[in-house]
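You will see chain A twice below: alongside chain B first, and alongside chain C after that.
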Partner chain A sequence: MNVIDINGLTKYYGKHKGIEDVSFSVEEGEIFGFIGPNGAGKSTTIRTLLALIYPTKGSATIFGKDCIKYGHEIRRDIGYLPSEVFYYEHMKVLEVLKYSASFYDNVNPARIKELADIMDLDLNKRIDDLSYGNKKKVGIVQGLLHEPKLIILDEPTSGLDPLMQQKFFDLIRKENELGATVLFSSHILSEVQKLCHRVAIIKDGTIVDIKDIQEMRRNNYKKVMLEFDGIIDISHFNLPGVTRLTLENNVMEFLYKGDINKIIQRLQGVKLANMLIEEPTLEEIFMHYYQKEE
Partner chain B sequence: MNMIKQELRMNLRSLITWCLSLLAILILFMLFFPALSDQMEEFQKVFNSFPPAFQAALKLDTITIDSIMGYYQFAFSFILLGGAIQAMNLGVAIISQEVRMKTGDFLFVKPITRNRVVTMKMLAALILITMTNLILGIGASIVLLITDAQSFDLKTFLLINGSLFFTQLFFLSLGLFLSAFLKRIRTVLPLSLGVVFFFYVISMIQETVNDPKLRLISPFDYFNLAEIMERMEYNAFYLLLWMLLIILFVLGTYWLFRRKDLPAI
Partner chain C sequence: MNVLLKELKLNLKSLIIWCLAQCFIIFAGMMKYQGFADSEVDVSALFDSLPKEVLTVLGMESVNIATIPGFYSVFFLYFMLLAAVHAIMYGAIAVSREERDHCADFIYTRPRRRFQIITPKLIGGVINLIVFNAVTFVASVGFIAYYNDGNGMISEVSVTMLALFFLQLFFLAIGSFFGAISPSTKIATSLSTGFVMLTFLFSVIADLVDAADFLGTLSPFNAFNAQDLVINGQLEGLPALILLAATLVFSGLCILSFHFRNLKT
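After this line comes the complex of A and B, so read on.
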């Protein structure tokens, strides 16, 4: 069963395009990544799902119900963490969380404490005394306290230190194991790869690809930089799987997809000054999608 | 209920401030009453030397100092102005609160409809306005009874104070409508001050030209205090117009807000 079904969703802000003809589905029980650079339309899509904004065209269903028409019913089972968190500033953390809980039936009061302990959040502080990261923690607790069946996260890790990110990922994984479906939006490929089962890639308001993370890992691109201690023949690295190869002075750069051992073999006997093999940045992955379109 | 409680909480301080300020204005005016009533003839001479239009605009021609109720009615026109600003401010602020404070991503993802949010906020605003009127009513009656218990007249008092409640409801609903209509409100006070003073100026012009057509767009004159004093009742036509406009504003607020895009942060 699909928890989210998006059908040709289009949103224009006046003449300015937000998203165009976005369609994808999120299956029950999966962690679905939603990835794209800033301004690609991730938040627009999510905000439409939550009926914070209204679509120009197209529709979406959540739990099989139209997300606009039955929005208030659907939202009973949605936990949402916005990319920027703002709360009623003069209130204490606990008051905000209790206020949030008061909108749902049967919230277990012990859960607030439990989640706050996990996220190391001080419940007695005032919201306006909190740092950005701590506000984010309030957002996390607030989004999870009513044990939602669908968790929507919009750039959740910004502002969290690595330790907290880890705790947060563990928390999300646990909720997922307990049956929650997760829609995880991010512009950081590595964190999506770490957590998600499938991923939709959005660029300039349209979905460019939907991929299985397992498969993506198999087709993983590596960015290779080699600095030679001498002159090198460019054809030496003209292997299948090598793209966007550039050579400038003694520095060679290319993207490689395939068996990494083949590259290592070619390096035998070559004198290097420096070498770097890294994950390509999201931008570079997107360059790949552009090239495919041409 | 949880939303009403929250809204009342957030507006409590402003409610207290407004009640105290309005009471302070009233007390200040009433302190002048004993001195004024003694020297009214002198004052009247000074006032009479002003151009008639000027006198009318400042409502100086309506001061009848022989009774405290007449003076109260004169002083009350300034309470009306203050009360209108309070109500307009509240109306504009209460619905745009989530957008201005960026808490929309908190409230509007809760399992409630937009209509319900509007209803709860309207109820909260209504409670706040009612409380203002109760507090001011009690405060004003005490001040009046202390100043001159003999000439205190309950019916006149209730009619005059009622005009505050009705005028406030008008500006409250206008404020609600404006905040639903305008795309994004960043600051409330300049907007509400601007609108209220615009209507106050219209009312001043209306006092001098006394044109029934102009009175249609002059909410301060729907409940004209001098007229109420004279007829000891509200003008039925303007009461009807008042009601109609409020219904329109309230329905318009629901209609516009239901389909409104909440801006991203």
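After this line comes the complex of A and C, so read on.
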């Protein structure tokens, strides 16, 4: 069953395009990554799902209900961490969290304490005395305290130190194991790689591709580095399936998609000083999507 | 209920300051009356010698300010101005505060319809207006009684405060409407200030220039006549009804416009 279904969602701000014809689905129980650089339309998509802004065209359903028409009902089961975290500055952390809890039925006060302990958050500080990272922690706790069935995270880790990021990932994994579906937006691929099952890639407001993370890494490109002992003609490896081919100081690098034996055949009779064939990082795969249209 | 309580708490400090300012104005004003009374100068003659235009702007036209009711009736203009600024600013800020403070994403992603958040804000506004009005009433009766041999003119002041309350409600609704249609709090408060100044100017011009009487009908500041209220203790029904109807219309428009708004982060 799909928890989120987005169909041709389009949002224009006057003449300025926010997103165009965005469609994807998030299945129940999965952690779905949503990657793209800043300004690509991730927040616009998420804010439309939450009915903070109205779509120009298209529609989306969450838990099978229209996200605009039934927004207030749907949001009972959504936990949301906005990318920019600002709260009522003069309030104490505990006050903000209690205020947040007051919008839901039956929030267990012990849960606030438990989440705050995990995230190492001081409940008695005033919001305006907190660092950006600590405000982010307040955001995480307020997003999870009502045990939502769908967790929407918009750039959640910015401002968190690596140790906190790890604790946060563990927390999200635990919530996921307990049944929560997660939509995780980020421009940092390594974290999407660590956490997500599938990913949608967005560029300039349009979805470029939707992939299974494992499959994406398995079936996609190999990253090849060859260091020659002597001079080599660059055209020797200019085969179909080779991209981003560079040669510098006898070191040739390229991405390859296809039958690996064809590369091995080309190596016959060539004297090598070193050779490396590895999985490309998601970053490199990602760059591929961004560059192929340019 | 949670939103209402939060609104009341957020506005408590500002409400106290507004109320203290109002008490001070009434106190300082009545002190001046004492000054007139003690000086043995023929105050009426003194003011009669001033040009009509000046008296109109000061709200002292055709009032005998040598008497307590006459003197107090002049206050109504200042009450209106202060109450209008308080109410209109309250409305403009209450509706747009979360966007100004970048916490719209915090509150409008809760399981509530937008009107379920805006309505308690407006109710909070009405409660603030009632407190402001009640403080004005108590301070007025207290200070008048002090200078008027213990007669606080309770019934006349009550009628005056009722008229003031209709005006307060109207300005709150206008302010909240500006808050809902403006892209930012700054624009909403600028529009609100402009509205108060413009309508006040209309009322002054209408009083000064006979040919511009129609401007008076456009100005809420002309809805009630201070002398009728304070001296005769009478409240006209029609202006009160018109203000109430306008309040309902603009509150409705506020809720409607806010519902269709694209909220900023």
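Basically, the second predicted complex is superposed on the first by the 225 of 294 C-alpha atoms of A that agree within 3 Å, B and C clash if a C-alpha of one lies under 4 Å from a C-alpha of the other, contacts with A are read in each partner's own complex, and residues count from 1 in each chain.
In this text, contacts are C-beta pairs under 8 Å (C-beta built on N, C-alpha and C of every residue); 3 or more make two chains touch, one makes a residue touch a chain.
Since the model is a prediction, treat every value here as computed from it, not as a measurement.
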Superposed partners chain B and chain C on chain A - clash or fit: clash
Chain B versus chain C as contact partner of A:50, first or second or both or neither: both
Chain B versus chain C as contact partner of A:100, first or second or both or neither: both
Which superposed partner A:72 touches (first chain B, second chain C, both, neither): both
Which of chain B and chain C A:169 touches, first, second, both or neither: neither
Doubly contacted chain A residues - partners chain C and chain B: 13, 43, 47, 50, 52-54, 71-73, 75-76, 78, 80, 82-84, 86-89, 99-100, 102-104, 142
Complex contact set, residues of chain B against chain A: 2, 6, 10, 101-106, 108-113, 116, 259, 261-262, 264-265
Contact set on chain C toward chain A in their complex: 2, 6, 10, 101-106, 108-113, 116, 260, 262-263, 265
Partner chain C, residues of chain A touching it in the complex: 13, 43, 47, 50, 52-54, 71-73, 75-76, 78, 80, 82-84, 86-89, 99-100, 102-104, 142
Footprint of chain B on chain A - complex, ascending: 13, 43-44, 47, 50-54, 71-76, 78, 80, 82-90, 99-100, 102-104, 142
